[in-house]
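Think of it as A, B, C and D in the order they're written, each chain with its own count starting at 1.
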Amino acid sequence: MMINESLLLLRYEGIIVFMIFVLFVLNLTDFDKKPSRFLNVVNAMLFINFIAGFLPMPEGSAFQGFFRSSGIIALEKNVLNLGILLISLSGYNWVAKSRKAVEYYILLLSSLLGLFVMLSSGHILVLYLGLELSSLPMAALAALNTNSQKSSEAGVKYILSSAFSTGVTLFGISLLYGAVGDLSFQSISQHLQPNALSLMACIFMLSGFAFKVSVVPFHFWTADVYEGAPTSVSNFYAVISKGAGIFVLMTVLYSLFKNITEIWLYTISILAALSMTIGNLFALRQNNFKRFLAFSSIAQVGFVLVGITSASKVGIDSVIYFVIIYLLSNVVLFSVIEAISDKTGKEKISDLKGLYKTNPLFSIVMTIALFSLAGVPPTAGFFGKFFLLTSGMGAGSYILIGITAINLVLSLYNYLRIVKAFFIDKEEAEMPLVKGNWQTSLVLLACGCGILVLTFAGGLYHFIDTLNF
Amino acid sequence: MSILTLLIICPLLTSVLLLLPKSDKGTKSIALIGSIIQIALTGYITFLYQAIRSAGDKSQMLFESNIVWFSTLHINFHTGVDGISLVMMLLTGFVVLAGVLVSWNIKNQVKEFFFFIMLLSTGAFGFFMSLDLFMLFFFLEIAVVPKYMLIGIWGSGKKENNAMKLALMLMAGSAMVFLGIVGIYFASGYFGPHNTWDILELSKIHLPAEIQRVIYVLTFVGFGVFTAMFPFHTWAPDGHSSAPTAASMFLAGISMKLGGYGCLRVATYLMPTAAKELSWIFIILASIAIVYGAFATLMQKDLKYMNAYSSVSHCGFVVLGIAMLTKTAFAGAVMQMVSHGLMTALFFAAIGMIYDRTHTRMSDQLGGMLKQLPFIGTAFIIAGLCSLGLPGFSGFVSEMTIFTGSWEKAGLFYRVATILACASIVITAVYILRAVGKAIWGTVTNKTYLMLTDATWSERAATILLVVGIVIIGVAPFLFIRLIEPDVQYIINRIIL
Amino acid sequence: MNSDIYILLILLLPLLSFLFIGLSGRKLSTGMAVSVGCLTLITTLIFSIAVAFDYFFVKGSVGGVYAPQIVARFEWLRFSPGMSIDLGLIVDPISVMMLLVITCISTMVNIFSIGYMKGEERLKSYYAYLSLFTFSMLGLVLSINIFQMYIFWELVGISSFLLIGFFFNKPSAIAAAKKAFIVTRFADFGFLIGILILGTGAKTFDFLTLIDRLTHPGVALDSLTGSGFLGMSCLTWALILVFMGGAGKSAMFPLHIWLPDAMEGPTPVSALIHAATMVVAGVFLVARLFPIYSISAPEVLQGIAYIGSFTALFSALIACAQTDIKKVLAYSTISQIGFMMFALGVAGWGEGHDEGFTASMFHLFTHAFFKALLFLCAGSVIHAVHSNEMKDMGGLRKSMPITHITFLLACLAIAGIPPFSGFFSKEAILSAAAHGNPPVFYVGLFTSALTSFYMFRLYFSIFWSKPVDAHAHNHEKGQWAMNIPLILLAIGAVLAGLIPFGKYVSATGKAIELPIHVMFSVLPVCLGLGGILVAAFMYKKQNEIPQKVTKLLGNFYEAAYKKFFIDEIYLFLTHKVIFNLIGRPAAWFDRNVVDGMIQRTGSTSVNTSNAIKNLQSGKLQGYTMYFLGGVIVLVVLILIKFL
Amino acid sequence: MEQVPLAHMLILSTILFFIGIYGFFTRRNMITMLMSTELILNSVNINFVAFNRYLYPHQLEGIFFTLFIIAVAASEVSLAVAIIINIYRKFKTIDIEETDTMKY
């Protein structure tokens, strides 16, 4: 293979690395002393990056299959690019205030780079490196707000527990190495035998990814970190890292563990049921909005796992489709709560009572997003969830399906609780009219339209289906 | 893209347009115009339908249009109407217009109110015209959440709790429906040419009995929740009682009918074998609902609760008719759906008008309304007479059709069920007449009622609209039967063979 | 052919006047409404006379048989092929007879009401209701289809409900209206089931076909007689249930309780609905299905005979003890309908046995006149005295002469004194009973004696008993609207008996002879005269005898006065049993058990989420322990399951 | 000379792994917890090396993996320490039990 072609395969990563270098350079100059100018430049870069993602992309693998790329992977990267752009836009105010713009973006981008590497890894080693590269900056991001107690607590909780989970994962990997002897994906997928050693190895390994996408019982860090970390960082956790994690998990399960499908189906079914139920039950009693979102995201992951259990192409399509919608909805929620807490410092659900009276637009967009998460038509979330569960039911067990049905109701309750606070409850404390800057409005507009438009986007789903895995 | 699609677009467009104007008046008038256009459209479609049928078109569905929506999952935007769905749409048109008229003098958050109303009507229209199970489910779900908002925001009493209960129970119902239809989808893949959501294609596939059983029960119970089937009916009384007038009209007039239509079109039509085996379950439930609902109604002082429970009892007739699996009973069930829709909408409208004026719904605090509010009182009495099945109103024909249809089923079990159902007409008479005697007749107890004013033009219009509907069916049922007979035949044929 | 048009008009005109008066709203003046109502009815009266003339004399009998003719028919609601509700008009002897009765009485009542209801508010709706009632009653008697009959049956019921409750600011009136409708509704429930059994058995709801299929051996008859329930064949059940419907409307024991209370309605209404027309609908129903009863289920017919005779005696006894004049009349009505019923009951099919049928119809005919007359007289008395109680009356014979005379004539008629109409019909009934069923005959005999007693008790205590105060002004001046109907009806009451009834109306349609054996009729007439004498002796002058007698009778009198406590039993059944034992528990069950379950699921999930909140302890090491625990559990599960 | 069998290596690594885990669960000092994670990683390293040496001697995949692990672990520790210092600034302690302001 020609070297330049392999470089072309690395295009996404290349752009990210380039941007990081640019940021370093800018850091040397005092360009970042005027935040607004700096941020506009960065957002412009991110936008270009997002657009560039749609340039035609060769498929194939480089470096003896350590690195591979395909249509699906390219699409996933595009999705993540979109997410990072939206997040950076919605975090505008906070970043501008906190005098850490450059660090923030460097960490953000390097974490994103790690995710990209994970996505297109063809070898466990690369996968591991990507994992670390993505999670270490995330810890730093969580602790970025150094003069807040909660932020540093979030940081330490994340770094320590991720270190632990990395240890467990690595242990699994080492055992896998012992069982298979070669850690490249295709050899594993060929030689993996369902014997005690490799099964144990697989579970240990799985737990690492489960930790990343915060599946019950590996989810405990989630709520605390979301609450403590700066909102836009939590947004990154909830949307980008989780989305990428889901993609990677899918890759691992579908390509790596091909031989032991029925076994991981069993495992994933258990985890799915647990995640949905526990997530919803915890979300039931949350008053802090970010914690609520954490648990709701856990429940959503449960639904995604149900979709994954289909173990078919349709499952992949549905999961990606859902993740896109999930991304849009969550970005909306986080950016609104960020704008509000940025202005008034309020993050509690009880503070949002009567929001419709004070901030009609925010509450309407949030309602759309919440309904989309709850899977209520005519929002796109309905379709996402419907397809997920449909594909899941193709292979899923009846018990799992029953639990899913119950959880649909539970989750509806959770989200309606918030909507009720907006529209029905009488506000306790007067909430001023929060005027989001144009970036936030742009994000909200984009996401809101996206959520509504994807309702009729049969084409997108079909397009995903045409891409090969 | 057939004329039917207009019926989805029109309310949707209305709901968007009415957000534009600044004044409440503008909003209201746009909503009114929109709903008038809807009812005109439905009328026009009915006219065309008749014309085409009389021209000798024997195809099961007319105005079919089939647009690919999500090709990968074989989801199409497949619309079409037969007589049954047509009368349902007519019902929807009537109730929507009446609901808009009744809520003419609503004060707060007018835009949102009518927005949700229009969203509901979109859902209802779409539901009735959809021939694709996914689409059906989509529109069914659309009709759930607006109800929550309507009750929660504009409601009264323990509205939060009741609205939440309603939303969650309906959601649970639709979850069951979801499981059922997805089951159908996959089963169709195994036992048919390919996976499909299409009702017409599915109606040609015969699934094995054990699969049918599961799906039949799931879908029937799921839709049964919507039609307030015992023991899943408790959302109905609470929801109705705390809902604003128009919302109650919608809930009882249309939303419950979604369930009945689903039971007929999805559960029974697509799962004939299971229906033959298992319909006895629902016959039992229905008979319980009819009698028990009627007795529970006897005890209600709150007029809205009374009507809500009586709706439970009356929708029991629908379920009974569907579960009896005879052609006459099916026809009766469809009739009963329409008739009950109009009648109960009228009832709630009358109660709402009284409530707006006297601010109480307790029958013993009212009295002498016929003297003070002759028009509204008369409307109430007419609704009452219709609900106790007086000839000349729609209630009589539908109930008699159901009774005759279920009596056609020989066998002690069916006989007993039918006799129980018939017995309810006596109890119905009791509670209706008590309500009339207490609230409408009698002398004015409360001096403040003496300066009440009678119905406004819009309320009059709504009442007359509904009464006309009721009387037309009651006096000329042959028109109605002629409309639905061939389509009922389709369903029964599939059951028989 | 023109008489068909007439019949159609007879049916439609009242409907039109109802719609006209009912819908025209405020703009229409009261006088207009009244005149519309009356004029329509007069027209219908003329038409129906024309029709009767046309049917009986122009067309005449074909081979000595008055055959039924279907004038119009169209399919109104089709259930399944063959089974449908057809609306149509049948003309046969009994329906024509009923046409005459209904239109005649209802015209009289309409005219009477002009005077009686003068100055009432909502007079328009009163007239609207009257026209509605007339329409539905006419429809009932002209029905060609048993379901059509049921339709009008219900309509009659509702219009009676509306009219009884006309004075709806009187709680008693509301209660009475509700009672009337609900009791009859309960009976209709039986009627409906009966219809369903008959209809599905015979595969038709059409009267003539029904009768044809159920009187001649065939598939339908076998299917109904073959299958049975609780030892009786389906046919028997069906006919019993149908009779139950009739008994409800015709106030047969034990469903009679609503009729006395129905007297809360305006008196003309009582005259029309609760004396002459609606209450005989039950009799008419049985007569309509008479062939089926008499041929296929004579045992039911016998039961009817016993119920009828018992009702006659029972209510006659109660009537003797009542003090409210309308109540007395009500009970006498019940008793007279009892006569009609058992007359049908004792009749059979075929030559010589069907005398009772004709007799019953004859009595229905005559009774309509004199009972309506009695009520209207009572009405004018009440109008004058403003009270229903006997004690407030007395010595009115000077102050209202016309009423006095007509009332007397009516009393003589009902007492069966020749040559008044009642005599002939009652003779026919008694002789039929004597042939058909001797025990019933004796009951009838005794009852007719009682009848004349309580009627004249009424008569004397209204018009005599107290001395006449000389300077009492005449109440009847300028009451032409009330007096003319009295006089006309009186003529009817006197002469109706002279019609050779048997020539026209009979079970088979063939003319039969209603014999008047002088020897036979001596006994009843003497008994009647005896009753009159006793009444005169007791009540002509105020004296102590009545008190003495009541003391003598003691508890029995009390019981009769309290209507034998039937109402109390019903009250117990409805309120204690239905409401407290079924309704309240049902409501409670719904609130607490069914809904409680739903609520509990909600609270359970909340409690669970509170219970497990400690998992999220905030302690990192706890988290990682759960992490490792999860891994280990999974590993164990997998290894157990797959190895 | 006969060599130590593979089983012993694995037993050693497993013991090391669980010692690390035990330390992670029981130590309240964050630094010590970090050290325990190092133990875990080292057990992993031993695994890799052992497998590589005994089972697949013809290639060095395991060895390389070990190198990467060591490098990454170093960076991880440095970051962790930085955060812990920040914790110390805020909480005036590095006791893991104290840092539970966010819970439930």
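Here, a contact is a pair of C-beta atoms (placed from the backbone, for glycine too) under 8 Å apart; a residue touches a chain by one contact, two chains touch by 3 or more.
Everything numeric here is computed off the predicted structure, so don't read it as measured data.
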item: For chain B and chain C, chains touching each; value: A
item: Longest centre-to-centre distance from chain D, chain (CA-based); value: C
item: Result of counting contacting C-beta pairs for A-B and C-D, higher pair; value: A-B
item: Chain C and chain D, separation of their C-alpha mean positions in angstrom; value: 97
item: Chain centre separation in whole Å, for chain B relative to chain A (CA means); value: 42
item: Euclidean distance of C-alpha centroids - chain A vs chain D, Å; value: 27
item: Between chain A and chain C, centroid-to-centroid distance (C-alpha), Å; value: 78
item: Where chain A touches two or more other chains at once, by residue number; value: 156-157, 160, 164, 168, 223-224, 285
item: Multi-chain contact sites of chain D, meaning residues that touch two or more partners; value: 24, 96, 99, 101-104
item: Per-residue multi-chain contacts in chain B, two or more chains; value: 168
item: Which pairs of chains touch, using the document's own definition; value: A-B, A-C, A-D, B-C, C-D
item: Interfacial residue positions of chain B with respect to chain A in the complex; value: 68-73, 75, 134, 137-139, 141-142, 144-145, 148-149, 152-153, 159-160, 164, 167-168, 171-172, 175-176, 178-179, 182-183, 185-186
item: Residues of chain A touching chain B in the complex; value: 314, 317, 371, 376-378, 382-383, 386-387, 389-390, 393-394, 401, 405-406, 408-409, 412-413, 416, 419-420, 423-424, 456, 458, 461-462, 465
item: Residue ranges of chain C in contact with chain A within the complex; value: 605-606, 608-610, 612-613, 615-616, 618, 620, 622-624, 626-631, 634-635, 637-639, 641-643
item: Chain A partner contacts - residues on chain D that touch it in the complex; value: 13, 17, 20, 24, 30, 33-34, 37, 40-41, 43-44, 47-48, 51-52, 55-56, 61-62, 64-65, 68-69, 72, 75-76, 79-80, 82-84, 86-87, 89-91, 96, 99, 101-104
item: Footprint of chain C on chain B - complex, ascending; value: 165, 168-169, 230-231, 233-235, 237-238, 292, 295-296, 298-300, 309, 327-328, 331, 368, 370-371, 385, 388-392, 396-397, 400-401, 403-405, 407-408, 418-419, 422-423, 425-426, 429-430, 433-434, 437, 441-443, 477-478, 481
